[in-house]
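Both complexes below contain subunit A, partnered by subunit B and then by subunit C.
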Partner chain A sequence: VPELGRAALVVCFGLAIYAVVAGFWGAHTRRRRLSRSAQNALVAAFVAAAVATGVLLVALVSSDFSFTYVSAFTSRELPLTYKLTALWGGQEGSLLLWLLVLTGYSAAAVLLDRKAGRELVVWVVPVLGIVAAFFSMLVVFVASPFDTQLAAADGRGLNPSLQSPYMQAHPPMLYLGYVGLTVPFAFAMGALLSGRTDERWIVATRRWTLAAWMFLGVGQLLGAKWAYEEVGWGGYYAWDPVENAALMPWLASTAFLHSVMVQEKKGMLKVWNMLLVLLAFALSLFGTFLTRSGVLNSIHSFTESSIGPWFLGFICFVVASSILLLFARLPLLRSKTRLESLVSREATFLYNNLLLVSLCLTILWGVTYPILKEAITGESVTVGRPWYDFFLRVFGLPLLLLMGIGPLIAWRRASLSSLKRVFFWPTAFALVIGIVLIVAGAGSSLPGLIAYTFSAFVAATIVLEFARGTAARRALSDETVPRAFGSLVARNRRRYGGYVVHAAIVLLAIGIAGSSAYDTSRSARLAPGECLSIRDYRTCYRGVNSTRTSNAVETRATIDVFRGGSRIAVMHPGKNAYPVEQQVSNEVAIRSDWLTGEDLFLITEQVNGNGTIDFKAIINPLVNMIWLAGLVFVLGSVITLWPDAREERRLAVRYGRLAPEAHA
Partner chain B sequence: VIALSVAAALAVFLLYSSIAGGGTPALRPSSLAGHTGKVSLSGQVLKPVSGDAHQGGLHFRLRDVNGTSTVPVVYRGSVPDLFRPGRDIVVDGRLQNGVFVAVPGTMVTKCPSKYTPKKT
Partner chain C sequence: VLAAALVIGALLAVAAVWFVARPFLDRGEEELTVEPPQERLALEEERDRALAALKELEFDHRTGKISDEDYRSMVGELRRRAADALKALDAGTPPSDVRNHG
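Showing the complex of A and B:
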């Protein structure tokens, strides 16, 4: 059976190579049949990758320990769902998943966007083929998931801290995002290769970029939620390079999503957009490289890793060839218009882009600086939280403010009187909120206070926009308020979906500011009967007990939680010990207050022989806003993604030959 | 063009500020001698581990991951789940009279697996 998987991958590799060669040759000589055959090769490559994935899944489910991969990441007693998700538990499987998603996206993009301009698509196919060829080369020659061994009696099992529903969903979400960025990149390169550098490639890939961007965002929030509940140190994001690896392409693609609007409307920033899509794609490769190559531990483990050098080489190849191509086509990318005023919507988009890219490059620097320093001087450094937090404030807070200004300011040039009219109420609202917050004692953290005031400002502008739009529709069509509201959103999905996403970012900002600027933590050694007070909570330790389960010894402390004189909860923070894996894991207890969004977070850090425990209590205000933001974020993204027949027709008219069903 | 030049200016500012302001030196036990400031030390935990992290402090020795030099370490505060002899850890602190005194709560384990996040 492993032979079938291996053969499927070899076929996939061959098809990808064929797609590259036939695609380039067909596009160059304008032979339509050859180009069509290259497209079919990509679709067939997807089928081959699916067969290989199927083989590995069957082996995982049937616990076929003659597969090295199966025995390394599963064991017999592991529940079925975890056996399935072990597909992305290790390096080889993850690469296979990358390949599967990539060929799937490529096949779908080629089939769906076939009519989006034939001259464009014929050049997109070989670009997609190059990326597919690279990944199938890796799984065929360098890190095969189908290596076999003498069948072991039992596998080594899955790391207990990864046995969480969030960890099941987190990696595939990230991969859908990482890989999804390949499509806009391939279309951008296709546009350059074909010389059709109008905004058609942007229109054709808007939904692809949005979908990839949504998956990346959701994947990161799932990872944050996992860290919060499972890793148990009281936080959700630690600026770990592995986390930054996912954040960077997200920031770059956020910048891209905004700046393409300027190109669509004004024909400006063409070169910039090309650079952004290249940056986003290169960072998604870099992210895979960071998490997979072991370069983070030290330079030395990097050179020992099998795929690291390949990845680095491929990233250099992609960046160098794209930039060369961009230079060759520079004359075609002249802007049609110029920036007229520094106070206009175009300018706001520009500031937003600069801030996002700066933040992204800062993080990139923070991640690579220690690696470079070690490579050059032999001594490494660690770049800590304060450094990242500082730059998050420097770039993040102005971004938050711009999010309120951008959507309301006029294109081309905004006059002073229009600014006054549009921004009077939001500013007044924000100032009032700011004063109320100072009175309420939020002045203890200046960045927190600024974040809240800005959030109030943005929230006010969003509410105003919705209210104005609804009122305008009511004036037009005499509809009831909810109907007018519904049709307003339905008729302008991009615009109002965007506002919903902005609202999600406001929630996120409130959550992050609340939990990082106004948190409290206390710890103590408690004997049974002793209590620890934290703000208005009193936590009293009653005792500790242990139970044996099939694969772990579970120790749980019993904590009574009092607030305002009455007992509001009994919580059980503890530890699990896994004898087989020889590992302990913190099992924290969290009580969420749904009214205030505040969490009481309890950790039993150590259980002592005499029955005392070392105990830590943390209050994270507003942290639940972050998870709520995730839901609103998905809602907003789905609204903007939803197919819109009216928009298609408008585009079809605009591009003449473009058939309306092209973007279904 | 304006955008690119502004971005370039920002990039220069970043490079400057990060080299000037950011980062604690990250060292191995063998290269620790002579450093008196705060550093981040990484190495492998050796047996025996004694003491109590929440009272007098946890005592153990750290060795170069691929070497022989060792240094005694005293640590107080939260101990990550994955901490045990044989594991690689990173901890912040400073050398005082031949003993590396760690800043409470800064210990982080490095997992042998490439996939699992290192923060605990």
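Showing the complex of A and C:
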């Protein structure tokens, strides 16, 4: 029943518009009831979006091909889980998911942060309403998921490359990240609109920003894992604009998460933090625009696309109005303190911000330059891997080093004698590792060697930080080592959770450096019985066979893998042919060695008529560190996110929600 | 099925209108509660910042990140800042009380 879905979306649109109008008017005239009613409208909009999503999910599961969307992205034979996840397989469904997540976040944010400060929250509501109104307008008038047609006998099916467990989790994670950045943006704008530019907007949005940032990070790693296993070219990140679309807001929000600490500790960087929140949000919109408007295929598909111009208009509106507002409130954002020394914790945060934002803007230029060039001259160009790899080294390696330097330097200023003492051991450790690596032959790649040496430095500082902290706690409280360690982390969740995230970045750097600087690949045409050797592996082709499954014909080569004279595995790289979708996918075979973190990656590039195969084998050293980094990243983020009752009480006293006596 | 869908749609709209209109049936103050003035909040933030900086300095000193000499040169200044913020708060506007913000 598409009518119900359509009706729910119209109701959602109406509620969002009401939230904007009533929200602004209520806040402006200081009417409590009107403001409250606008907040309720946001909550109700979430329910309406959920009803619409429910209708589409029922249609997808029951293969109701009278829905154009269902027919375009599913088929009868598609397994149930993929029918469900086809919700984000196409543009209209993705936009509906955006709207659902957005209204969900908005409702949760206004309900949970109601106490953050009345005068702030009442101004946040209309800002959230504007974003919700834009997205509901798109799904009501421009790209409706509830368009109908004469029911076809079967649908066109789901793109085979999307039929992967990683693709079931990757898009919703990214959306939770992209959309989550709306909350800090709305609170920042609420603070500017209300003139309440104290730290409440930061306190209220700290967890939302962290959660969005975590989802964005996990979403990207899932996407990388998907590319690695499904796209089948041996890598996991190709600097594709669609991938960059998620990386840019993540980099901007990483910068924000660091610089916001400078504002909290020193009352500095207030304007910069506002700009970073705006940048992160605008980039999350831009990311959705890139992936959904067709602009990446060509400028023509952008102008023909229904949503592209709307998106571009909305991004311009958001950026222009936010900057105007920021200018108008500049006098409120002046900071009284100045940077005391260029060698201090706050200074390292500043350098970190400059590097992160530079990397982010470089990637942005790499993504937009080909689009602008094509729009202006009609000439199509691509910005390739060397450009991005170069800037990743230029900005990424110093960033890695700073991750080790920052935590060792005190706030305000540090003297030379202190620096000498705290830097001695980590530097010595890193140098020893560097020399060992050169002896072991890692000097073949200079960036790889630098990345490893810096990683060793950062790892040493993290271990030292935990060790010194635990020792300091023990000296105070006479606790056992595990207990002192536990209470150290529990009492400083943000700091030590942050260090765990740093450890994840070290693992990531080791994985990226290992797999990109020290990989080996070989390819050959093999007849049954022939072998291909790569490093200490020997891969022997036995033959090929095909089987028919519910929605594909699966062809697999059988490869015996030998190492040191004995057979260690039988692997089956091959291809799947999808008759309904009329597409063929590469199905690689991967053997992970968990002890060394190395992967043997086999690809059957082509199965020839005479029984031979075009075969490729790749060895990716340490690539599994990247996936391990994902787990550590989540652990660190959760530690940082975990509520701290003491901190909550302190803030409640500061903002007058709790009597000071209760603080004691 | 269509009729059922329309009924559900209409019910959804009615429920939404009721939920959105509910605050107007509330009694109590119509005007938004007045919050502590911005200056007072700024002083409270300054106080917390100074106290947190002192705590951090102590911790960094204990973990050996800050030398005795650096510690001595910074601790006095930070204590003075915290004391100034506390004094300004005492002298200024009334302390933050348990206001009804709902």
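In the analysis below, the second predicted complex is superposed on the first by the 655 of 664 C-alpha atoms of A that agree within 3 Å, B and C clash if a C-alpha of one lies under 4 Å from a C-alpha of the other, contacts with A are read in each partner's own complex, and residues count from 1 in each chain.
Please note the rule applied: a contact is a pair of C-beta atoms (placed from the backbone, for glycine too) under 8 Å apart; a residue touches a chain by one contact, two chains touch by 3 or more.
Keep in mind that this is a model prediction, so the values were computed, not measured.
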Evaluate whether subunit B and subunit C can sit on subunit A together after superposition, giving fit or clash. fit
Counting only touches as set out at the top, which of subunit B and subunit C does A:411 meet: first, second, both, neither? second
Let me test your reading of the model: by the given contact rule, A:118 touches which partner, first (subunit B), second (subunit C), both or neither? second
Between subunit B (first) and subunit C (second), which does A:606 come into contact with in this model arrangement: first, second, both, or neither? first
Check the residue A:322 against both partner chains and state whether it touches subunit B (first), subunit C (second), both, or neither. neither
Check whether A:555 is in contact with subunit B, with subunit C, with both or with neither, and answer first, second, both or neither. neither
One more residue to check, A:44. First (subunit B), second (subunit C), both or neither? second
First, second, both or neither for A:163, with subunit B first and subunit C second: neither
So in the superposed three-chain picture, is A:381 touching just subunit B, just subunit C, both, or none of them (first/second/both/neither)? first
With the two complexes overlaid on chain A, what is the closest approach of subunit B to subunit C, counting only CA atoms, in Å? 22
Touching both subunit C and subunit B, counted on subunit A across the two superposed complexes: none
Footprint of subunit A on subunit C - complex, ascending: 1-2, 4-6, 8-9, 12-13, 15-16, 19-24, 26, 28-33, 35-36, 38, 41-42, 44-46, 48-49, 52-53, 56-57, 59-60, 62-67, 69-70, 74, 95-99, 101-102
Subunit A partner contacts - residues on subunit B that touch it in the complex: 2-4, 6-7, 10-11, 14-15, 18-19, 21-27, 31, 40, 52-55, 65-66, 78-79, 81-82, 84, 88, 90, 110, 113-120
Subunit B partner, complex, touching residues on subunit A are 89-91, 94, 159, 161-162, 227, 231-233, 238, 240, 242-243, 269, 271-272, 291-294, 296-298, 300, 305, 339, 350, 353-354, 357-358, 361-362, 365-366, 369-370, 374, 379-384, 387, 525, 575, 582-586, 603, 605-606, 608, 614, 616
List of subunit A residues in touch with subunit C within their complex: 1, 3-4, 7-8, 11, 15, 18, 30-37, 40-41, 43-44, 47-48, 51, 114-115, 117-119, 122, 195-196, 198-200, 264-267, 408-415, 417-418, 421-422, 465, 468-469, 471-472, 475-476, 650, 653-660
